[in-house]
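Next come two complexes built around subunit A: one with subunit B, the other with subunit C.
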Partner chain A sequence: MSSLAVTASRPPFISLSLDNWRFALVAGIIALIVSVTLFPADVSFWIVGVFAVLLAMSSVINAYRRQYYGGLLVAPAIAVLFVMNIFPLLWSLGLSFFAYQSSQQTIRFVGLANYIKVLTNDLAATANWNALINTAMFVVLTVAAQMIIGFLLAMIFAKQFPLRRYLLILVLTPMMLSVVASGVFFTYYFDPTFGILSYVIGNITGEQFILMDNKAGAVAGIVFADAWMWSPFVMLLVLAGLVSVPKYLYEAAAIDRVSAWRRFWTITFPYIRGLLMLALLFRTIEAFKLADMVILLTKGGNDTMTISYHLIRIANEQNKTSEGAAISYLMLFMVIVLTNLYLYLANRRQQGA
Partner chain B sequence: MANTISILEKLGFRKASGVDEAGWGRTLFVAAVSLIYFLPVLFIIFTAFKPQASALSVPPTLSPTSLFGLIPDQFVFSPTLENFGSVFERSMTSGGAPEPTGFDRYFFNSIMIASMSVLLALIIGTLAAFGFSRYPLKGNDTYLFIILTTRMLPAIVVIIPVILMFRVVGLSGSYIGIIMLYTAFNLAFTIWMMKSFFDELSLDVEDAARIDGSTGLRVFFKICLPQVVAGLAATFVFGLILTWNEFLFALLLSGPDTRTVPVAMNQAVSSGGRGTDWTLLAAIETLFLIPVFVVTFFLQNHLLRGVTFGTVKR
Partner chain C sequence: MKTMKGFAKAASLAAVLMVGGGTYAFAKEVVLTMAVPDWPPTRIMKKFFDEQYKAKTGNTVKLVVDFIPWPDFYTRVNASLTSGEKKYNFIVSDSQWIGAFVEGGYYRKINDLLDADPEFKKTFDQIHPSFLDAYATYPYKSKNYYGFPQFPDVLVTYGRKDVLCDAGEQAAFQAKFNEKLPCTGEEMDNIDWKTFEKVGQFFQRKKGEKLAGKVLEDDFYGIAYQAGKGYDFSSMQINGFIWQAGGDIWDETKVPDGKAQGVVNSPVAVKALDQYLSLIKYMPPVAKTGTMDIFKTDELFREGKVAMNVDWIGLGEASLDPTSSKVADKLVFGMAPGTRSADGKMVRWNNLGGQPFVLTTWTTEEQTREAVDFVKWWLSAPIQHQFAAGGGQSAIKSVYEDPKYVGYRPWNRAWATQLDWQKDVWHVAPFFDLLTQQQDQFDLAITGKQDAKTTLDNVAKYQENLLIEAGLIK
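Coming up: the complex of A and B.
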């Protein structure tokens, strides 16, 4: 990477050259202010859009002429993410400081009032805290179940044996089902009158078995369904790591008569650690957003309301857009703390090893 | 450069990584585990072949054949194909004439939207991952973390600004809008995944190629990409599965012409107020499963080969 020598000097600020992105940036900001104050929203949208394209073009040409390959390679991804994700995120961050309901046209600046409301205000706050505690419970239970099941599945598939690919696809299938279909069918499996589970247990104990009539049963049902669907995801990532371990390391270990336990921790684990961390990270994030299974299985009954489902209710059904935005930013804050903790621990272990 | 690789190969590096052999004993054990894991899916597929009347029978019917008397008659149903017909054409009111349901269109939409967005995310994301891995920017980790945060928020928060934005630009209900949205949705995963694959690669071969005068592009296409084929396949499959079944964005952003199957499935099953139509739902899901199942099955080869991966241990 020493070849990144600067080959062209910076253009002066005022010159109208194609790679003068600084000038394009300043012109764009001026155009933004002018057009927003002077023109109606849709016209100014297009004006700002043209300047955004100009700015993007000039930075790309600038990066190309100066061989900033990193920036060039990353630019398209950043552009797509900015337009489709980061810009809407900032917009809703802004909304969380206003009193705004999507059913009404009025909008009013209220500062931190939404945050104070969702955290401390009487009725709303207790529901929020309950949903939050439930979410924490679901995150721990579902992620633990998925990591354990996924890891075990990967271990049994980590050798080459006859018919392996046909069996592997069977295990991968749950992940390919639509949540709508699998969730609806799990309500059927757990159904007290028609369901298979109640039929089997009812035949053994002789009484009607209702899984969903208390909190423990409802939680177990949701965790089971979610873990069943997403353990294959963890399995695939771990498996990708397991098959990448060079065979000669195992051969060397066999010559040295290293025990299986030690072989796992010194050879296998370093190879799958990164992928395990990735699986843990993505599953935790998804578990934080757990809503669809809950909606389909219990509709939040039996104290199984999660923060994400709560949020859908507030923002979509009750139209409290800005309150919803406030809750989701608190959620985001928690997930960021959690993921940073993961990454910190991962880095520390890597340096320690 | 060719020299380096051939030396490495002679030393037994490139081809040596991989997995041990195990015999039919392992196959039997894994088959038992896999079949138990697969049972809920198998039940859905069987339900698609059940006559509507026996969908909710007690005890539940479990098998289309009695397996030469092995399974008691009360668990056996007589298979039928009429549910698959009614996915595409059925009478909407009781006793009415059969009408087309438009599901052929929805299947086309799902295939088109999912494949386009996953491919786009794979192209853009792999380039970005290579950039992040080989040409770290100032504040590289911060960029990566911001990209990750785009996947952390519940979709419901992003959706309102996106709806407003699409309405202004005229993208609501169009293919381009939802494809771009799904591309962004897949990018975070693609970048993180591909970066971890690029990070695992040895730099020795690349440096040797650079010293021999290969350009950055050539190094990327000839040396790095072939080594991460397994990663590309895995990422493609994950992206496809996630996009294939995405529900919330599709529900709120697709128009009548661009509706995807999960949305249509939800409407078809819960409409009419007659409760869940189990056999119809099972038939739609079974048909909907086939494309993603086939793609995953054929990409498994790449997924599991793992031969070109990790040429030299760093």
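Coming up: the complex of A and C.
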């Protein structure tokens, strides 16, 4: 209780004390309004900046004097989070209600017009929906491929066999490569003139084989490349679960002559379920953002445009900033809903088990 | 803060007085920062600058060059400009970008610089009008000037002598089409798209068949040109087909009365696109995947998989180099194919390529002075000759008309004669929007998902819509 005794009392609102953060906040807001209305942007930016620093300083001193050490310790993290994450998020949310293009100097409030356009306009909305459907398809296919391959790889590497360590490093390599490097590698792999795939299949069937000239082939190519890169990640997680299963459970099961299937289902699976769920969550979120492989392999041709790539084109290439912001907010909304649904289901399962 | 600043000022003033003594102005260091694509024409410029450039003002001028890979180039420059980082004084800019970045307030108008410096103006007037219009003006073909040629470029036909001039192939081609198979540069100049198609049909060979007397270890193809979905890697060829047939793309010089509907998808344009599409079947199979861009056709040609390729001169150096080209000693070059009109004359309209470089609006007066001197130096005849001799091209009349010019590189014989036939694609602010939609649609046609008419109808509808919204069509 001694700490309470030395805690300084709160300064009155109008005092010019260094820890009077309330006053600094109000003064900052007034300065913000005044400087934004009176001065050009590059001047008001610095004025507001100075007041932001003052507010931060007074809050820190206030916390120190009142001994809010917990708050003080997380403050740097929160400050970084605010500057790098929350502020840009709010800023782009604001932009999505304006007609704004980053390559032009004008800005105009349009309310929900951007959202209405990306959802209903007969040209823009069809492209968006189409890209969204493709994205859903890629999420299902790539995540399924990665989970199955990664899981099977983990089952193999959970056993001891000669050269296991070296093979493990080899299998993990794709995950460490840059996406661009593996993308370029796969363009040559799939290339009908220079590629080995067309060469081998062409030699077997006698017909010319072109993988990427139709949607099914192009999707297969992208899914294959993506699975090649990211299955090792799933494998790594599952492997961690597999080695954590206590040996004595298997020994007991062996004594009871439990079938292999049952052994897996009742001993192995409960240990790796959490990690599988984690891998599923990570890979689903990543797959939802799939753009790099598509850009490298098809440029969105053969109807493989994903919503992320579509967004890059709209926001970064065509400079339709606010339209891009509206699409990304709709995407964010979808990801949040899906993630929460997933977490809800995962939790319910856990409680049920 | 104020006192600190005052102190710093006083101190620096004292330092200047002590060192300079106020008796002479000593040389300053001026840094010009430049964003350029990473390829030989810009590498050569940097090399020449470092080796030869001396500023007339006596200042030490440094050229800091950011070499950016081609596939990232637009995105990087666009991000730098729109984010407001104000990093670059010079930007090598594709000609199509000018409108967007002038409207954005990034590119500096240079009329005042030209008016103030008659010598500069004289050099500037030496630029071939096709390139002057495409590289410098916004609105297109107006008198507002913005850029200077860095590397001007046109499409040419790359050919393989060993295949085209082989006696057996010559006789077989003659027998099949009753026409001589083009073999020399002059004969290649005379190729129209019909002959080009015949070359494609004639040289399509399977593995195991014979080519010029030798058994092929791999499939071989007659022809290639750009047909890729990325950036502008089909529009640049299709525009030529449409113009040569007498059609047109949306014409920005007719704002605000020029329409997209009915022009872009006119029957003539549809026929021209059909002709472009009909040749794809004679090309390497990668064309069917929509990824046969200018780099791919170049690679296929260098690897000896095609007999003829229509591509930019800018990619040519690699084909001359035996370390990167299997056909380095077998090259022949001619003008890009044209279309023969009813009276037998060759129509050669094509989209020009290459890039101007521009000044940015935040470049200080001192930097601008040095920049103008640099540009004058760059466009001066001796440097342009050196540039051309080192693998570049020149749009300066006195340079490319010099008899020496043709000898610099084998494709230079197809340079000056094509310049009058060059036009450019739109320079308006929403060009990237127009371009991506069009490229997407062309890709659908190239990969056989829809016919030429539907394609151009979709393009016209989209353009009409967008341009009305942008206020460019009434």
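In the analysis below, the second predicted complex is superposed on the first by the 271 of 353 C-alpha atoms of A that agree within 3 Å, B and C clash if a C-alpha of one lies under 4 Å from a C-alpha of the other, contacts with A are read in each partner's own complex, and residues count from 1 in each chain.
One rule holds for everything that comes next: a residue touches a chain if its C-beta (ideal position, glycine included) is under 8 Å from a C-beta of that chain, and two chains touch if they have at least 3 such contacts.
Being a predicted model, the structure only gives us computed values, none of them experimental.
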{"item": "First (subunit B), second (subunit C), both or neither touched by A:Thr193", "value": "both"}
{"item": "Contacts of A:Thr126 with subunit B and subunit C, given as first, second, both or neither", "value": "neither"}
{"item": "Touching partner for A:Val74 - first (subunit B), second (subunit C), both, neither", "value": "first"}
{"item": "Which of subunit B and subunit C A:Ile156 touches, first, second, both or neither", "value": "first"}
{"item": "First, second, both or neither for A:Pro174, with subunit B first and subunit C second", "value": "first"}
{"item": "More subunit A residues in contact [subunit B versus subunit C]", "value": "B"}
{"item": "Partner chain in contact with A:Gln318 - subunit B first, subunit C second, else both or neither", "value": "second"}
{"item": "Contacts of A:Thr339 with subunit B and subunit C, given as first, second, both or neither", "value": "first"}
{"item": "Partner chain(s) touched by A:Ser308 [first = subunit B, second = subunit C, both, neither]", "value": "first"}
{"item": "Which of subunit B and subunit C A:Arg164 touches, first, second, both or neither", "value": "first"}
{"item": "Residues of subunit A that lie at the interface with subunit B and also at the interface with subunit C", "value": "102, 193-194, 316"}
{"item": "Subunit C to subunit A touching residues, read off their complex", "value": "74-75, 78-79, 81-83, 100-101, 103-105, 218-219, 228-230, 284-286, 288-291, 300, 303, 305, 429-430, 432-433, 436, 440, 443, 447, 462, 465"}
{"item": "Touch list for subunit A against partner subunit B, complex", "value": "1, 3-4, 41-42, 45, 68-74, 76-78, 80-81, 83-89, 91-92, 95, 102, 153, 156-165, 167-182, 184-186, 188-189, 193-196, 199, 228, 233, 236-237, 239-240, 242-250, 271, 274-275, 278, 281-282, 285, 288-289, 291-292, 308, 311-312, 315-316, 321, 324-325, 328, 331-332, 335-336, 339"}
{"item": "In the complex with subunit C, residue positions of subunit A that touch it", "value": "102-105, 123, 187, 191-194, 198, 208, 210, 212-213, 218, 298-302, 313, 316-320"}
{"item": "Residue ranges of subunit B in contact with subunit A within the complex", "value": "12-13, 16-24, 26-27, 29-31, 33-35, 37-38, 40-41, 43-44, 47, 56-60, 124-125, 127-128, 130-132, 134-137, 143, 145-158, 160-162, 165, 168-169, 180-181, 183-185, 187-189, 191-193, 196, 199-200, 210, 216, 230-231, 234, 237-238, 241, 244-245, 247, 261-262, 265-266, 269, 276, 278, 281-282, 284-285, 288-289, 292-293, 296-297, 300-301, 303-306, 309-310, 313"}
